[in-house]
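Some notes on the structure that comes next.
Chain naming follows the written order as A, B, C and D, and within any one chain the residues start at number 1.
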Amino acid sequence: MQTKGNVVLHVADVQKHFGGLHALADIDLQVDEGKTHAIIGPNGAGKSTLLNVIIGRLAPSSGAVVFDGTVLTGKKPHEINQLGVARVFQTPEIFADLSVLQNVMTPAFARRDGAFRINMFRSVDNERGIREEAEHTLEDVGLMDRRAVHAGALSRGDKRRLELAMCLIQKPRLLLLDEPTAGMSRHDTNTTIELLKKIKSRGMTKVIIEHDMHVVFSLADKISVLAGGRIIAEGLPDQVRGDPRVQEAYLGGVH
Amino acid sequence: MSELKRGPSRRHVLRTGLAGIIASGVAPLAFSRGAWAQEFCNNPTGGTVTFGLNLPLTGAYAEEGADEQKAYELAIQHLNGEGDGGLLNVLKPSALKGNGILGKKVQYVSSDSQTKSDVARAGATRMIERDGAIMITGGSSSGEAIAVQSLCQELGVIFMAGLTHSNDTTGKDKRRYGFRHFFNAYQSGIAIAPVLAEAYGKDRRAYHLTADYTWGWTQEESIKNATEALGWETVQAVRTPLGAADFSQYLTPVLNSGADVLILNHYGNDMVNSLTQAVQFGMRDRQANGKQFEIVVPLFSELMAKGAGENIKGIFGTSNWHWNLPDEGSKAFTKSFGAAYGSPPSQAAHTAYVQALLYADACERAGTFYPPEVIKALEGFEFDGMGNGKTLYRAEDHQCMKSVLVVRGNENPTNQFDVLNVFKEIDRETANYDPAIFGGDLGAAEPVPQCR
Amino acid sequence: MAGIMSRKDATLFIGFAAVVLLLPILAAPFGAAYPDLLQRFMIFGIFAIGFNILFGLTGYLSFGHAAFFGVGSYAAMWSFKLLSLNAIPAILFAVAIAGVFALVIGYLSLRRSGIYFSILTLAFAQMCYSLAYSVLTPITNGETGLRMIRADPRVLDRLFSEAPAGVPVPSLFGISLSGWNGFYFSALFLLATFFLAMRITNSPFGMMLKGIKSNQNRMNYTGFNTRPYALTAFVISGMLAGLAGSLLVVTDPLAGAERMQWTASGEVVLMTILGGVGTLVGPVIGAWLIKYFENIFSSFNDNVLSSFFGFLPDGAREAAVVVAGKFVGEGWHLSLGLLFVLIVVFLPGGIMEGVRRISSAIRRRGGGRHATARGELSPSAAE
Amino acid sequence: MFEVLFLQFLNGLDKGSAYALIALGLTLVFGTLGVVNFAHGALFMFGAFCAVLFRQLLTLETVTLDPEKLSPWGAPVEIRQPLVQAWFGDVGAVLVNYSVPLSLLLSIPVMLIIGIVMERGIIKHFYKRPHAEQILVTFGLAIVFGEIIKAVFGPNPIPQPMPTELRGAADIGAWLGMQPNVITYPLWRLVYFLFALGVIGSVLAFLQFTTFGMVVRAGMADRETVGALGINIDRRFTIMFGIAAVVAGMAGVMYTPLLPPSYTMGMDFLVISFVVVVVGGMGSLPGAIAAGFLLGILQSFASMHQLKAFFPGIDQVIIYLVAVVVLLVLPRGLMGRRGVMEA
């Protein structure tokens, strides 16, 4: 176990231009081990761009993203995942054609067998350990009773739970959540927040990108506020809440 | 490591009874022939004998397949003593009695070969294994004919080839069990070259467009050799893909190549399309080297001529047979076919009909269906009265030696069937050649392989 | 079987094996019980199962699988010509060569997905076909097809004996493989292929492949390197196509170029969809159905029809023959086309969906609770 | 050598226009409806047989039998009297002469009806279905269509003469002031080239400048949004399918003098048209047109024997080789959009 305050993810002086447009400017972020770090900001602030830079989908124009001493820039998604970074998407990305249980078992195989292994001579039925682990994880997120259902048939909220379960079973060191409650009903949002709170205690580092304040303030340990491609404020939730620049950015962003 | 064994067949074909409606349609199954009675493949023990017709019923040659099928049906009627008897009356010598073959009524089964060698083999195998065909006949390409012929050799069943023009069929791929009535590319060359020299002069420069597969190559080679022997020069021979549809990219280079004759070694739809397009390129209105530019299609049939429409007018080519030949045999066949189907027969129909009759006659003369005896009866058999004059089934390569026709597209057709004129009949002696030049090995007739 | 496969799978396998081995009796009422067609049932069954491992599991639709089939045929034939008439080296050689082709073509084609992948595979296969038909004639014997002749070297055989007289035929240590022997020989390979497909489908590897089909993006972010997975599936299915191609040469010793044409690639796609994509049995049924149409429907000429309708009075019989003649014999293509349209409109999951619907209807009538007792590991329950 | 290369280039443009025209219809259907239409070649064939039918109607004859004279096959000799000429005299002869271009008029309503019936009857149910099923159903339709044509018109190709004035070759070299009789090219192919450009131009202009076209283009980009605007996009898409059928049919009509139509021509054009569309990039109209010309020109040059001497068989595979190279270098063809037909 690393000591408290150890930096797991470091976004170091990242710039990103699209042509002449500065999407990100001088972003410097440090995410501490075991903390839930929220990045908020109005629409168009550059949140998605930042996330895409972190997970390697976009290459930064300058600067680097370092995860636990490894530079993520230029790595493929599966390599980043194998380093211990899991991701939750804005619209849940699940295997709609597979059963809920299979959905959760699949990531477990990725953790156990690595990025590629031809394990075609064992039956999935005989993978007791992985199956039990998956069932345990489903209990955790409250989907155990739906384990035999086609994942495509789940409600939006349940799909989000499923996606979370798929990330949790990998026991990632860093979990990235991209607007986990976007497009959800109040009820689904609340249950998702409850779930996130429940797993908060597990020592997993989390980065949440969100613009719903309610979600952010109930979960985050630390908040960075992004506006116009820059970080305009950073600190504990209470500090950020009272910061006039944040108020302005949000109000200005609305107009 | 094992070879097909001779001896009493252990043929374990499960001939279950007619357990279903569908099978009841496939009558030949019904004869529960005892395996012990069979000393060769599909020895007919009942009152009937079955021909297996392998015909292209779908795909680009469907019209020829349909015409062949009509001819076979007609031949079978005539063999069984129905209809007007057709060529039974004019075949000389003839052992045919008009009561089937060796007293057994003739019937047939058919299969769609799709002009693909794989499918043709599957169809032939079915007709032999399941339907008990004593003989396989038909087809519309050399690939098919050679593939089926070698299968028939393996199974010990006689194959009477339909349309196949490649030298290989009775050349390097000849088989003891395969017989060809149709003429070949080499004979086309011998036949057409003097006519071309006479009509177009000996100082000509030829450009070949050749279908890029085995038949095309043998045709190109035969025509090239025959014309060069007469003093023609070959400017260029360009291969074109099978089924190219648009030949324009091969035709443009012809224009300024210095050639004054275009020779199209194409068949079927390829020929229809390349000729149509060549004419549109103005090749027949062109002057080159101070001469009229000409197009030659070494092999064509009336069905292709119909497809090419007026583009065929005045074009020289060769044919195996044509319905307006004046001899008794041709007249009898044309009449009998026309009466049955309302149109004159094509050369495909003629060769199919003749092959069926020749096989039946050979069985009668041999007095048995036992293939080696039938083969002996066919080898070296000389006959007359089937069109094409006196004809010899040559023993060395199983090629029919007979007269070959040089035909020309009719300038003034009087009806829709009158698309070709017989320009010249090249007699058998001229069209003759030494079978040794193509090599090949017939293989043995005996031991008779046992079919599966 | 326990330990290797679940009871459900064992039942399925045993049932399938029973049907396959009893085909000579079961197919008799349909006029299909002769060795050549049943060999083709086996061979194209293998081809379709192999194709389904790629298409059914990963969702990559290859339009060029006939190339591997053809390459397998040529390779096996060359083994017969150069090495030995024994089928075993020929099959091994064919599978290996087809595997190499699949590796190269798959490696390049899998850089793209969707229809771009399909067209890449189509393009590779069409190049193989065109060249085999024309300029590669020295290797393939072009239009006529590659055959064995007595004069072939066959070095392994010559070590032991002189070239025997007669037509050379493929064999298995001296046992001829034509006719029924060939059928049972191919049947063993079909069963082995079916077993392999079952193992793959039920294995973690198979689950990964299904994951690729379902959501490739999620697979990547879940830590899987999807391309080698897809490539492995591609190579396995290419090797099975090569196996099928070599078996066709073993049972019918001729290798023609047409079997590599795009229509042949299309045929296996149609077999798979017709039977049921992603199911184990479906592709086999699709293969059998299409081969049945091609070989049996096409043989119903007017002669056969009029004896079939023999019970009708004269005028009605002729009318019936004319009408039926449009759909069989030379019109068999029409029936096949209509069948495709009807199946895909009314049974999008192919014939297996029909089977499933019927069986679930029966189950519902017979006291319905079993319907929900599906294993949670196979929600599609397609197997 | 110059004239050879020039002719080859000209010919490549001409071939390219034919490819582009076929690919255009296919892309319209795919781009708007998202349907992979394997029956597109069959629509092309239907168009060609519109020309056949039209000519057969124009050359209807009264047939009287002369029992006195018998043909060699024993049937009474037929005396045929062309009806159209009998009714309209010289006008009739002109009509017959111009039957191919005139049959465009027949093909437009016929193809529109075929297209709309096909879309409403079958295709419509397949918008949301997987592409594999679309392929199966349209391939089945293609077979059925081919067999219908075979049943009605027979399997043999049926030649369609072009108007006498447009037969033979045009001396393009002489037009350009060069030596006569060197650069000549069939007149009808030039007509076809202009026709193809005209149709392509009209379709593009229609999509660009009409409201209908704008809605369809918007629908191509984002179907759901347009649907949400309360615009009945379905009806427009039906009409779009009809238009694509008409484009394919007209291409077929005008192609008949170059290629005597037979029932197999639909399948013959299927593969090449798909290769063109995919090389251009799925759903991209400019891409399809560019790919058509690219493939036409390269195919034309690859067929020269000078080149074939170095690369035997290059003309057989050039189309596929180009497809492979383009797709490996440019992931979505020349102008494809991300995410279209990649899953």
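We take it that a residue touches a chain if its C-beta (ideal position, glycine included) is under 8 Å from a C-beta of that chain, and two chains touch if they have at least 3 such contacts.
Keep in mind that this is a model prediction, so the values were computed, not measured.
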item	value
Chain whose Cα centroid lies at the greatest distance from that of chain C	A
Between B-C and C-D, the pair with more C-beta contacts	B-C
Cα-centroid distance, chain B relative to chain C, in whole angstrom	33
Whole-Å gap between the CA centroids of chain A and chain B	74
CA centroid of chain A to CA centroid of chain C, Å	45
Residues within chain B bordering two or more other chains	62, 66, 212, 239, 241
Shared interface positions of chain C, touching two or more other chains	130, 134-135, 333
Shared interface positions of chain A, touching two or more other chains	none
Pairs of chains found to touch, sorted by chain label	A-C, B-C, B-D, C-D
Contact footprint of chain B on chain D as seen in their complex	3-4, 7-8, 10-12, 14-15, 18, 71-75, 77-78, 150, 154-162, 167-169, 181-182, 184-186, 188-189, 257-260, 262, 264-265, 268-269, 299-300, 302-305, 308, 313, 315-316
Partner chain D, residues of chain B touching it in the complex	59-60, 62-63, 66, 212, 236, 238-241, 243, 245-246, 248-250, 252-253, 255-256, 269, 272-273, 276-277, 280-282, 285-287, 303, 306-311, 323-324, 331, 334-335, 337-339, 342-344, 415
Chain C to chain A touching residues, read off their complex	3-6, 199-200, 202-208, 210-211, 213-215, 217-226, 228-229, 232, 374-380
Chain C to chain D touching residues, read off their complex	55, 59, 61, 108, 111-116, 119-120, 122-124, 126-127, 130-131, 134-136, 216, 262-263, 266, 269-270, 273-274, 277, 326, 331, 333-334, 336-341, 343-345, 348
Residues of chain D defined as touching chain C within the complex	36, 122, 125, 129, 131-133, 135-137, 139-144, 146-148, 151, 267, 271, 274-275, 278-279, 282, 312-313, 316-317, 319-321, 323-324, 327-328, 331-333, 336, 341-343
